[in-house]
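I have a structure I would like to understand better, so I am pasting it below and will then ask my questions one at a time.
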């Protein structure tokens, strides 16, 4: 329990640092939302009026204090471009992104674990080379490349999945999953490469341990030894590494969601950045950072459940 | 009656990047029912490869049986050539007709499964038991290996058990299907001496009760003497000598066996000798010649440790505050005279290493005084401490980890000299050469990297490095524990020779009573952070007065098949935890003097 | 009546002669429109703020113009014509405007439009607290009077000749029901052909037919504007049949789609005009010879073919092509690299001595392509041009506001009204004079035009302005860019969809063939 | 003696040698204009004898672009990785070696940076410094630093607990010298392996940055920019993605294969 509280405290401290950095970074960015709203229609006079009405002329420290206090009290303010309460926007988009983050993680793990185990069992043989070359190819081309390939193959040529868009799960749950599948697959493939490598090296370490030899000496079938005895030990580290990829995933969804017109957190972040919607940038970045940290926390806690050794220590 | 096992001209090869390496060749032996065969040898002798071949587990390590037969008499009386058996047949044999236990109890159990699951899966597989029947049988097994509270253990995970208990579980697993042959591969090497005694006694009892044969693999001649009916001595993948245990120990035929036996310190063989003595190693004429002249011992005190206490904080809670303390070293006092050796002996976790490190302030002591030549080490600031450390050097246990793999040995030995600007250029080169000579290493080793040396050679380099600053005191922390017995003897002799030549003092930290008896002038026995008994070596070994010292000595295997110690069940008091809540004030160490200089902890 | 309106509108649009349709236009003319169906439109941009007053982006306007109706609008030549008013009248002194409203115009909430709604809408737009982007349109408005339910009189404190034209633009002239302001951002409401149904940020805007629309109900039951910003994805959606139509076909794909018999492609111009800007505070560009030489380096037709894949038409003037102000006498300078070299040398910049940074925004990928082609020609002329890519926000901040650039290019969608165009872009006092152009001739001419009442006279003045811009080569005017739409064959009435301003899309007359 | 030049390693070295040769010799034999020369009559031409690797949307020869782009891409990737190592190494080394408070503070900082979308970081850097190659290198270098610092810290922590470090301390070696003589050489292999992997990511990161206009500025060629530009024409001109993609893939493959060899070469144990 103290372990949990401890981790929580460090998460809170980091979150505070994140608010500071976010605020600083977003304020360094030139241009503001007033300029973005008016576009080429902007002239000094009009800009000034708009700025005033958007509250962009307050002193920085006041804006920061206002923002942090708002985050605490649940007053997240309104998005300047979308004219909607940020909290409402984020909640809706977080669900959308949650779906593809989880789905891509499931796809990645479902592919990476067997592939990694296979490579570890046949270490330094051709199977290993095939597995590592496949994962290298995965990381050699950017996510969006795979995204476009998915659209062309599965939407345009095969017509199995819709090419883009997002529907609310409450409206059409199947439709939501259909639309989430292609971006998840593209993200999952990129993620898989990394996880395969990690599974392989973790499994390699575990397979050289004494208890594996003991299991074999008991007469257990090789299948049982690898898929029960060894994998039960590998799953903890692999999940931890997978959890650490959440941060990477939240970076990748920015491009991927925009590509698929799948409007989740990544898309929202990109829109906020492009439109210099400072309150929205600050909140999305903060929420993404918080989600990343909390996921890592949860993964750590999950590890405690999976691995009995951690419980006492 | 038919032999259980008959190995005939076994040859195992390993494919490596550098080509094919022969693991063992021309190995032949038999094991009769109910017999214990010990295979003994130093590292690289091929003893483990032999045992793994019998289980056909050697394949998983990249080995291939390229020649020979491994005939095993199955339960139905038929003979199976293990070398040619199918994977399916091997699955029936392994764990069912042949049980196996391994060296590392800490890693031999799957950390994420309960004891119950690990005990029952073999039973369900081989004996077709239901889950509940298997659990019942598992409970019986735990009882038969004398694990306390067996019902509770079934639900526990391996990490919740001590090392000794884990090894009992591993034995229970191996015994689950009542095999006709038990292969024990260094089953006690990683264990403390009292636990080793318990496990050896347990194996003996189980063997008697079940009438099974045992193939016992070990490097320890003392254990061989205690366990074996017959002995196979192996060296570099071949069998050197085979024979009944008495014959091997009393009348060895082969030079290698003789040399091996000569290198084993036997507990009690120093009885009546006043000073430490180098071992008489076969082929080490230098040691023999240098035996005679001795420097007269002076009673000048070099190191005085008074009430040394070292505690480590156990941090916890939200604010990472110290919640409890490990009382690693608790109110320890002793002195070491110039040119003498004080051995600190005890089992793992007793605080002997922490004590050694505290003296060098590699870890910071909590309280107490450390005076070297009257100079208070604890009062020094960092620069002064750095200078003071020139007088005290350390040799570590693991010869593989104590040298930087990325630096040439010349640089590593020269480093202390450069640190204090004691030498440079040609002078430095000369000093380093001299040090290599001193530790009897060829001069051309200077340009080598650590991995190019054997364990014993590396330990010599570590000693040379420690000697570079002409220290007065060397703390040798399990300095010979990781070495093969013949190498251990050589290094011990070297250390004793250096002591004689240079008047060095040693704080010799060890768990091995037989080695301690060889090298020490004074012995301190540590238990739970305290010295429970301290005095001249003879006093401790001849008249052990503290109960702990006595049990420790009774547990040591003696390299003499005539004195067998581990027949009945042995049960020693388990060591309790040295962790105490914050603010716990332990009592002062009070000693009773039982003889001049021989003190025993009260209470 | 409806049928007649329909025909009139379509002829009007066709009359412009700027429309191109890949299907023979006779085909649709023979069909009888049917009601029903939901049109799924793949919209190229994201709708942001639903409040018509507050939203400044063309993207939001494109959707919201279907929900709102404006008091006045424009015909194909951008002449102001009545919208929600039956007629309007400007006092001779230009200080008073009288609007006669159409009777029985119904808002989406069922209320009938009155002069109070007009007064409310204009005052809301004028109020700085509203944050309307066009609030300065009402700068000179002194009072809004409503003598009766169908009459609105606007009193000006000073003459503002472009007032009516500005009212016809996005936002400023729309009429909202009284007191609907606070909910306009979440539930926009007006008197347009479609009612707002729902909006999911970044995903879709749904609209349904307004049965009591003053020009008659639309054919479509509903319109779904799905927002798909990625061009390839949008194109795929059209090809797979998920979308009925898309706007903004990537220029390089227009040819490919036109060759596809299963799809309709519609292009029109002008969507906007593009020009290359030279910063007049940058020393070399203070010399007109350098500017003219730069103009001579560029082969505009080749550049248009290269960057727009032929989807446009070159022009020496930025005026709306069919407007009276357009100076038809001007011709773009032909490419003459040797002549440009000589002129540059004459100006004191021999070969290799000019190093220019060209800032282009990634917001318009064809600007980047343009810049890349320019680099090659400038290299031939001995000028070293390097490109710096900027995001839209950075471009606005660096080039538009801070004037921190040497060379750049930009396009304008909606500056078709001559005063708005020439005064704000080229007058030294102009709000959009981000090149810092100070030309006394232009200053004088543009000021004079403001007080010139006679339309023909004014047009002449603006033609003179265009000549001056060309003579001095203040900017290099490049082309009008085409607008594009791609659609399934079932989508009918595509020719009515484009608003005369070239940017807005109106679905009133669009229908789906069963 | 271990044979460290395995077939795999040999392939890796050959691949890298070819790529390096192309990157170095290419610009010497091919005129610099070849990468930007446009042929408007052959836009998006598929591979043919005239244009072996086809052309892009402006009719530029993909073969010349991919060859001349090699140098830019590798220059950016190598500099960015070197920079992230230069920043991350001291950070991780100090954090891992000293532990305690210093470690806590530094790792909290690293955690904070890791939680940030790299895009925001890159955008800020590009906005503040302007888009050019140096700033691209800075953006990638800074974004990679926390990852490297993390890995280096872990390694330093492990090495700092080795007996030879304790032995060095016992023989009077100062902390600074211990870090240089003992910790650094022992963590270097891990750093180098991580570095080779990071190189691959850096090449791709440049593609991501050109999404925002940062990175190589057109019309100059770089693999990242080329892949980015292929985005809208993947279906009609797949070679525009395949050619630079293959170049990246081969480089990554070569680097990975070579990484293992390099580790062996550096390790005295394998000699």
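Labels A, B, C and D are assigned to the chains in the order they are written; within every chain, residues are numbered from 1.
Assume contacts are C-beta pairs under 8 Å (C-beta built on N, C-alpha and C of every residue); 3 or more make two chains touch, one makes a residue touch a chain.
Given the structure is predicted, the values throughout are model-derived calculations rather than measurements.
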item	value
Closest chain to the centre of mass proxy, which here is the mean CA position	A
Pair joined by the larger number of C-beta contacts - A-C, C-D	A-C
Separation of mean Cα positions, subunit C and subunit A [Å, integer]	39
Subunit C and subunit D, separation of their C-alpha mean positions in angstrom	45
Chain centre separation in whole Å, for subunit C relative to subunit B (CA means)	87
Geometric centre distance via CA averages, subunit D-subunit A, whole Å	23
Sites on subunit A at which at least two other chains make contact	29-31, 148, 152, 156
Multi-chain contact residues (two or more partners), subunit C	232, 236, 391, 393-394
Per-residue multi-chain contacts in subunit B, two or more chains	none
Subunit A residues touching subunit B - in the complex, by the definition given at the top	2, 5-6, 9, 209-211, 213-222, 224, 229, 232-233, 236, 306-309, 312
Subunit B-touching residues of subunit D, taken from the complex the two chains share	1-3, 6, 162-164, 166-174, 177, 181-182, 185-186, 188, 267-269, 271
Of subunit C, residues touching subunit A in the complex	46, 48-51, 54-57, 128-129, 131, 133, 135-136, 185-186, 200-204, 226-230, 232-234, 236-237, 239-240, 242, 391-394, 396-398, 400-401, 410, 412, 424, 431-432
Complex interface listing, subunit B residues touching subunit A	55, 57, 60, 87, 90-96, 99-100, 102-104, 107-113, 121-122, 125-126, 157, 159-160, 170, 173-174, 316-318, 320
Partner subunit D, residues of subunit C touching it in the complex	231-232, 236, 250, 252-253, 256, 302, 305-306, 361-362, 365, 368-369, 371-373, 375-376, 379, 386-391, 393-394
